[in-house]
Amino acid sequence: MPTPITIVAGVGPGTGASVARRFAKSYPVILLARNPENYESLAKEINSSGGKAVGISTDVSSEESLKNAFSQIEKEFPGAPAAAAVFNAGGKFVRKGILEQTVEEFTAGHEVAVKGAFIFSQKSLPLLLKHAEDKGAKYPPTLIFTGATASVKANALRAGFASAKFAMRALSTSIAKEFAPQGVHVAHAIIDGVIDIPRTKEWLKDQPPEAKIEADAIAEAYWNLHTQSKRCFTNEIDIRPMLEKW
Amino acid sequence: MPTPITIVAGVGPGTGASVARRFAKSYPVILLARNPENYESLAKEINSSGGKAVGISTDVSSEESLKNAFSQIEKEFPGAPAAAAVFNAGGKFVRKGILEQTVEEFTAGHEVAVKGAFIFSQKSLPLLLKHAEDKGAKYPPTLIFTGATASVKANALRAGFASAKFAMRALSTSIAKEFAPQGVHVAHAIIDGVIDIPRTKEWLKDQPPEAKIEADAIAEAYWNLHTQSKRCFTNEIDIRPMLEKW
Amino acid sequence: MPTPITIVAGVGPGTGASVARRFAKSYPVILLARNPENYESLAKEINSSGGKAVGISTDVSSEESLKNAFSQIEKEFPGAPAAAAVFNAGGKFVRKGILEQTVEEFTAGHEVAVKGAFIFSQKSLPLLLKHAEDKGAKYPPTLIFTGATASVKANALRAGFASAKFAMRALSTSIAKEFAPQGVHVAHAIIDGVIDIPRTKEWLKDQPPEAKIEADAIAEAYWNLHTQSKRCFTNEIDIRPMLEKW
Amino acid sequence: MPTPITIVAGVGPGTGASVARRFAKSYPVILLARNPENYESLAKEINSSGGKAVGISTDVSSEESLKNAFSQIEKEFPGAPAAAAVFNAGGKFVRKGILEQTVEEFTAGHEVAVKGAFIFSQKSLPLLLKHAEDKGAKYPPTLIFTGATASVKANALRAGFASAKFAMRALSTSIAKEFAPQGVHVAHAIIDGVIDIPRTKEWLKDQPPEAKIEADAIAEAYWNLHTQSKRCFTNEIDIRPMLEKW
């Protein structure tokens, strides 16, 4: 059986990059992002430090685009099973009242977070199943979805975000139940707090570091999910920084 | 202020018809359904028994179609506020594994249950707000969404259905929080069981009637939600028949 | 079959009294409260306005005391079935940190809200089952538990309150599932907000009346639960005032 | 600062023993069990394989007994902070209908699972806080509660079990929120499935090993919770075997 790979959808300068770095310690990683600048330096970094990374420009909301991405994966790693697939793509969401937003603004995020999550699952699962059948596999194949506070709490002015995240959570559970008997471990992470990334640098500035989540720590939690045995699958975790109010 | 109306989206020979009949005792009702045969006899029945009903052929997943429907409503009932709006449209869902369905099959139901629910809300809310401002209004305006077991439980082979219903539930909560301060009462009903309608006639045949939900009883529950005071809003109820396992 | 009665545990100048008044329009009501001054004027009021009410001094956390109360009920209304039983008793809870409270302070509330709810259910269910068997019964017998925000949300400094309320909610669901097949309707109400009663007069004073829940409206919601048919049981509702943040 | 310890309440031939073994790789472990035979051979095993374990006969439902246990801990490890405290005690629960059980049968489990969990927390938290203040501490102090399917799902005939487990979950969350700002990590684990221990040997016998949860894997998951950084606390995980239906 060829070396198993890890596929990360939604690589940017935050959780996605940290997850890619963490899994790259054990597997070649595929970095999917719409914009090449989101994966180029990361791929270079991983490749130059002993790992193996391949970036592919992909629009996860497009079946055609994901199909192409997976063809490229097959070309780069012929017959490779996937040890892990992480769906970390965000999507554009507005913070607006129901009457202040267009239908397109409402549905835009769903294209990525729901439809994209579905297509990504559909393309990844055959590779994950291949890993499940590999007697020599070290850990069960793992499909992880990155959720948010809004996955379980729908606030005013966040109808699009919350509905998309609720939907993705349901998708995760449905897939978990369908594929667990075949040995695929599916998990959903409720990231409840601000992640400490360049984009959020100015947020919570007056607070200590423990007010924000460390992206590397999320990656470590995902890795720990991945290493769980078939006799101990965790299908959902929440994650928040020490100083989060909830 | 003109007489307030009630708008029911998704009128068929089940919950929608029962809800329309129930609210027609107090308000003129607008019956929205894609197919005229779903509302024609019902409109006739209501109109001939002392009520007032207007059917409009509408595709709730289309902004254009809903825009036309609401223009027609405005023509029929100029300036009328809405005392209630009920989103009861279903959508097409498959019972298939992730790898057995097309992307279109997965998203089809979302078009109605999520996007449709959003557009319907967007069009109804101005009329509901008008009712909220009416000092003479008997009950606060009410926007009700019909959910299902899948709104809170995502099963295998039901990824599309569950994700759409989870999303609709989040939408309902987000709207509830945004518009409650303006006096609009938004509620979500988790219909947990088989509704006794012509289409389900053959289901649970060997069981007593208490194994299925009576559509008229759902309508009564919706009416009771509508009559709640501003000092006592119920935002979610579950409904199941006496013999349901849960 | 003798006239069915309603039993309300936890009658005080708030929800309990409103519930008693509402159900007294249709049934003789039994008023249970530890302190006679909590039911005396209410009983007088109901009895003098055409209803029938009997107050019994009871400590719901004591099996002996509830046994005596139900013996007295049997004496007053021999063989009477119960159309409804409402558990509205509170219990003493502290707002203290884990390290600032005694074990007794932590468990005190559980005595009423959990153990009391259990004993009350145990004593009421035979009377409710009798009503379920009565072919002439107008509505299915109903057992209702009054919960709180803390039934679904456990906050800091409220460990005792939240754990007791979570426990009562689980008790309610377990009883609902056990007795529904026999026709008993069990419901749990999450009262999410401040109820407008004499004790809370000073709370939210700067806000409009819609910031507090009206006790009579809760009673109406309970009555609506009671009148649901066997083919449409609601097992949980939430209730909040229009201006509640949630 | 003296060497930090780990305290495990509810050590038996299952999860408790596995947790003790896992944490003993890094810390001296205190084994609390009502019955010395539940910890004697385990303590011997750990002590003879390079670890350090001390068993103390304790009834966690008794404040006096836990007070004595913690005095003994203080004597054995003077001034030692606690790196972890795991509440894994069960309690006696009946599988009976509401009308078939005594009040004592209903409350017996609460004594351990709720009151015991509270007292154990009260006694452990000062030692956990001491660890939180230790600048040299490797991982944040962790308090873990072992829950069950019944922590989130209340079934018929399981009123006592479910209400106690719901209550313990609320207790866990309340403590988590209170002590997180001081650096204590509190987590609740929903163990959703049959754990493979001697007592369950005959259960699910016709099924493959993946139908049961491995106790050592639970211990590993707890260890992974313990090693989370202050910027990434998971407060709840679920755990189930690959073949579990849920």
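The chains carry the letters A, B, C and D, assigned in the order they are written, with residues numbered from 1 in each.
Keep this in mind: a residue touches a chain if its C-beta (ideal position, glycine included) is under 8 Å from a C-beta of that chain, and two chains touch if they have at least 3 such contacts.
The structure displayed is predicted, hence computed values, not measured ones.
J.: What chains do chain A and chain B have as common neighbours?
T.: none
J.: Specify, for the interface formed by the sequence copies chain A and chain D, whether it is same or different in terms of residue numbers shared by both sides, with half as the dividing line.
T.: Same; most numbers are used by both chain A and chain D.
J.: Please tell me the distance, in whole Å, between the geometric centres of chain C and chain D computed from their C-alpha atoms.
T.: Chain centres of chain C and chain D, defined by C-alpha means, are spaced 34 Å apart.
J.: Return the distance between the CA-based centres of chain A and chain C, expressed in whole Å.
T.: From the centre of chain A to the centre of chain C is 46 Å.
J.: How many angstrom between the C-alpha centroids of chain D and chain A?
T.: Taking the mean C-alpha position of each chain, the two centres sit 31 Å apart.
J.: Could you list the positions in chain B whose residues touch two or more of the other chains?
T.: In chain B, residues 177 touch at least two other chains, as defined above.
J.: Looking at the complex, which residues from chain B come into contact with chain A?
T.: Per the touch definition, chain B meets chain A at residues 63, 97-99, 103, 106-107, 110, 114-115, 118-119, 121-122, 125-126, 150, 154-159, 162-175, 177-179.
J.: What part of chain D is in contact with chain A in the complex they form?
T.: Interface residues on the chain D side: 140, 177, 180-181, 183, 185, 196, 209-210, 212-214, 217-218, 220-221, 224, 228-246.
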